[in-house]
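The structures come next, written out as structure tokens.
Paired with subunit B in one complex and with subunit C in the other, subunit A is shared by the two complexes that follow.
Showing the complex of A and B:
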């Protein structure tokens, strides 16, 4: 249609813009959700409050370590987001971090492997563990939480065997390029955070603008309907767990880099819950079918901001748990309200 | 659809709960060193093969593994069966499960390093009622029926040694902060109390500005130490109160490029502290001979099972002599603390 013949000049471009936005809106949601906007506002407000309330919150010496600390959680969270969108979950990621970290740390101590080999080894190992989860879940037809709960204990056993009842001592500085120290940043920007952001951007594009990315949402919305519509459900689900395994492998390298020169068997403990917390706070529905990695990255940033803020304000350490718990409940509550609104609408 | 989703949600909750409890049950390589052959009727085999069970706060960390090898060595020499098992995370509930299973096995002596002394007390009572000799080691449960507490060093000794080592590095004055671990850990809290009192009394120009709790998590300890340095730009000292936060605070100083501006001390194992002691991010590590503590623990278990009284001073082996016992507090004391510096860190293999 030629708008210039129908409407006077000036109104036309607006009208057309609205039309295309509407047409696109039917296929894709708005690029940023309400929850993500709220998160950005909350994080900005917290940063301003902490800037006013502490001597050095908004300095490189404080923000850089904060970004480094949240990077592995956000990275695992990206994979977890993809999985939760398909209606699944992976509670084995903490054990995967442990297995990857101990194998890579031992290889660095015993054979002095180089940086690329260490990263590759960790990601391949993570990918294999993710493949185990993926195959069992996609073809076993048992809910993901049961399968990954089982593999979490299995992986933990493997990891403890590699540890052999002791710590790994004298880890070399091969991975310091991902660390908190001077070697870990270029022009003040930490490499681990930057790499996580690039991966988040790729994941965002994949989920939003590729057919197979959209299929993941369809599977989470209604797997049977997706299958009838011709989506290769099993293959997509499998790929989500392999992707998470690869990202978890990379995250394990970040964890080694941030740690001390000693690796203890409790490495990674609780990371599955941190990652799920970031995903849920980010607005991804735990029931599947909706969510975005932007929210997850913001969620991870918020959690670390709260943890660091509580320490820098000199408040009691356990208050961080209280605040994060409240954030999770608010996020889940908001998700339930949205679902109810959608059903009645 | 609604139904399945509710089921999924319920499954999620259940599985998370299971994860929490199951964390403690990972099987380590060194779970036990033999079957409980000498179980049952205690005191029957005059000086014979008693079964001594030790439950650490968590297993797989070098500290308790060193205690384990000391205990094993003692049982080989004295002739007892040494059982060793702890949770994979410092979790009171998981630890309680292990204690219960040893009570059921009917070991002769049960020695625990409790994660939560208050919740451990009723279990120790249960063990004593079942005829098992109970004691604590490394960490005490003072309000329990335990017959002995095998102490690594006196509370005053540790707290004062930590304070002296740090304040020597800091030049006797300045602000410092403590990165502790479990918030309910009795031994850490009593050392901190001594540090507070002793600092106020001996170093009037020094001040403890904050005490934070990182759990047994190295990464959290490192990040908290970083946050503390930012919160207090004039901070010149950090204490890592346990074996995971001692290298953690040193790593934070190294990463922030503040070696020789901020000093740290901690309770770290020699091997994990060696790199930090050599670059100066850690000034000293205060500890005790952990293998000797394990040896003393096993020896005490046998003494209890055998019904022998502890003397005011005890010679335990040719290496461990003059171990004092205070009958009023029932504390058996290994000796004065050990100061580890870059010069002697290489002498220990844990």
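Showing the complex of A and C:
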């Protein structure tokens, strides 16, 4: 229906005429939603509060680790956003991180592979695991949460077998480009954060301005209607899980780089929940059909701000989960209120 | 759709009447068996259970296992079935209530209630029964938080219980400064809860928890679902909550009750866990993969439809027996650390297999239990 307005989007969006921009404005929602504005306000308020509480907060020594730590969660969150927009979910990403991390770490220790090979290996491996999920969900036509609970166990088994009952020791510094050290920064900004931003921008453009990106929203809104409208539902759903696999593979490299030279079998544990929390706080509807990558990045930033804020204030680190839980409830509650207002308006 | 089911009946000569009928009935026998196997989850589980037990005892008698896989080993393995069955039943209740019902927070409720029970029984010196009652009530309150948000406010269940999972597990850890409670009364509680010899035949060591917690809870849930109006309403709202609303059912209250009941059961599991560990641990329900994921796995394997409205107590119980006895066998077949890893593999394979089978069955025979 909107192909006439969407086709020109393939070109550079900046140099287009008034007419197309107007037409697109009518089809697409405003680039930034109320939830995202609220999130920015909350994050700024938290940063100011933390800066007043602990003056060390707004220094490079505190912000850089925060940005480095949020990068892998945000990266997985981008993939999770795409999946949740189609109405699915993937709870196996933590196990995927573990498999990718251990295989890459072992390869670096045993055969000393170079940086590009390590990243490529991790992403291909993640992509294959995502493909397994995607095929089972799209063609097995089973609810995503059930399948990914199952594959989470399977991947974890694979990862633990590769670990072989011990940790991986003496990991070389091949991946330090993504780390928290001096090698991982340009002009003081961590590379992992920058790379995540670039990928987020690409994903934002893909979801908003390409036909196949819009198809993902259509599938989440009503899969049957999307199929009748000519969307290749199964192929699109499959691609969402493969994309998440690729991004998770890259995130695994970040995780290795951020850790010490030892990799323990609990690597990645709990990341599926943090990623889903970031997506949901960012305003993506768990029912599918609505959501944005920008919100997810902001959500991940909020989650990480809370986590590092709690530690900086000298509180028990587990209190962060309590706040994250409350933030999830507030974010979803605000979304419900807006939906109700939209329906009555 | 049904034409694709079985090409065999189509080949049966239709004009002949008398003999053809009996022949086609004979010809339908395998199809009927297949149908029963695919549509009746209980039948499938029983067959799988039989396969596992026969395989394991055969392996055992040929000395392939590190220890004999016999009745006494199987019955002592039941100790790990107690929390699984109970939480599986909790998931049965909330998933059956429909509209994406699920409870990720059961493990966190177990952790938090463990601490509360530990305080009451271990620190404040409450007698056992009031302490157990407190655990059930407190678990119910946690469930009520979920139920209120989901049924009355309209939050999606997955997100609500994710949030309360975070909140409850965090409070459980902070409440006693990350320290477990293992005072004298709780240590004694452990010794009384150890497996007792039940005089059946040679005196099988039946774990006490199965008799004091598992069986009563299973019976109560079965009665609730099958012999009360609450059960009929629950299946009603799970199948179609709009229709249930028009039929005069208080949909919100029924759904709310399902989450409260799941909380109560989780509270009782907390008591069992404290007895098993001889201490009230702040991370009892959330260590490793936690308790929620295995419970959901058990429920789905037991034939509970994730879309709601379908699910039986017997399915959950049989699915647990299947997983527990399979795991027990794996521990004997694969010694050491690798054993627990192969348990993950088995759980994953069984779950994916069951889910794919559900999908296949739905397409072949329509929606069935």
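Annotations
Rule of thumb we're sticking to: the second predicted complex is superposed on the first by the 311 of 345 C-alpha atoms of A that agree within 3 Å, B and C clash if a C-alpha of one lies under 4 Å from a C-alpha of the other, contacts with A are read in each partner's own complex, and residues count from 1 in each chain.
Throughout what follows, contacts are C-beta pairs under 8 Å (C-beta built on N, C-alpha and C of every residue); 3 or more make two chains touch, one makes a residue touch a chain.
Please read these numbers as outputs of a predicted model, since none were measured by experiment.
Considered on the superposed subunit A, subunit B and subunit C are sterically incompatible, since they clash. In the superposed model, B is the one of subunit B and subunit C that contacts more residues of subunit A. Within the superposed three-chain model, A:262 lies in touch with subunit B and out of touch with subunit C [touch as defined at top]. Contacts of A:333 after superposition: subunit C is touched, whereas subunit B is not reached.
By the touch criterion defined above, A:154 lies against subunit C but remains apart from subunit B after alignment on the C-alpha atoms of chain A.
Applying the stated contact rule after C-alpha superposition, one finds that A:201 touches neither subunit B nor subunit C.
In the superposition on chain A, A:322 makes contact with subunit C only, while subunit B stays out of contact range.
In the superposition on chain A, A:69 makes contact with subunit B only, while subunit C stays out of contact range. Shared-chain residue A:143: touches subunit B and subunit C both.
Looking at the shared chain after the overlay, A:280 reaches subunit C, while subunit B stays out of its contact range. By the touch criterion defined above, A:41 lies against neither subunit B nor subunit C after alignment on the C-alpha atoms of chain A. When both structures are laid over each other on chain A, subunit C collides with subunit B only at 113-121; the other stretches in 113-121, 239-247 or 293-301 stay clear.
Residues common to the contacts of subunit A with subunit B and with subunit C across the two structures: 89, 143, 145-146, 149, 152-153, 156-157, 160-161, 165, 273, 286-287, 318. Subunit B meets subunit A in the complex at residues 1, 5, 8-9, 11-12, 15-16, 18-19, 22-23, 26-30, 58-62, 65, 88-89, 183, 209-210, 212-214, 216-220, 222-224, 226-233, 244, 247-248, 250-252, 254-257, 271-272, 274-276. The touching residues of subunit C, when paired with subunit A in their complex, are 102, 149, 153-156, 158-160, 162-167, 169-171, 173-174, 177-178, 289, 293, 296-297, 300, 306-307, 336-338, 341-342, 344-345, 347-349, 351-352, 355-356, 358-359, 363.
Only residues 54-57, 59, 61-62, 65-66, 69, 87, 89, 91, 143, 145-146, 149, 152-153, 156-157, 160-161, 163-167, 169-170, 179-182, 222, 255, 258-262, 264-267, 269-270, 272-273, 286-287, 307-308, 311-314, 317-318 of subunit A touch subunit B when the two sit together in their complex.
Considering their complex, residues 89, 136, 140-143, 145-147, 149-154, 156-157, 160-161, 165, 273, 276-277, 280, 286-287, 316, 318-322, 324-326, 328-329, 332-333, 336 of subunit A touch subunit C.
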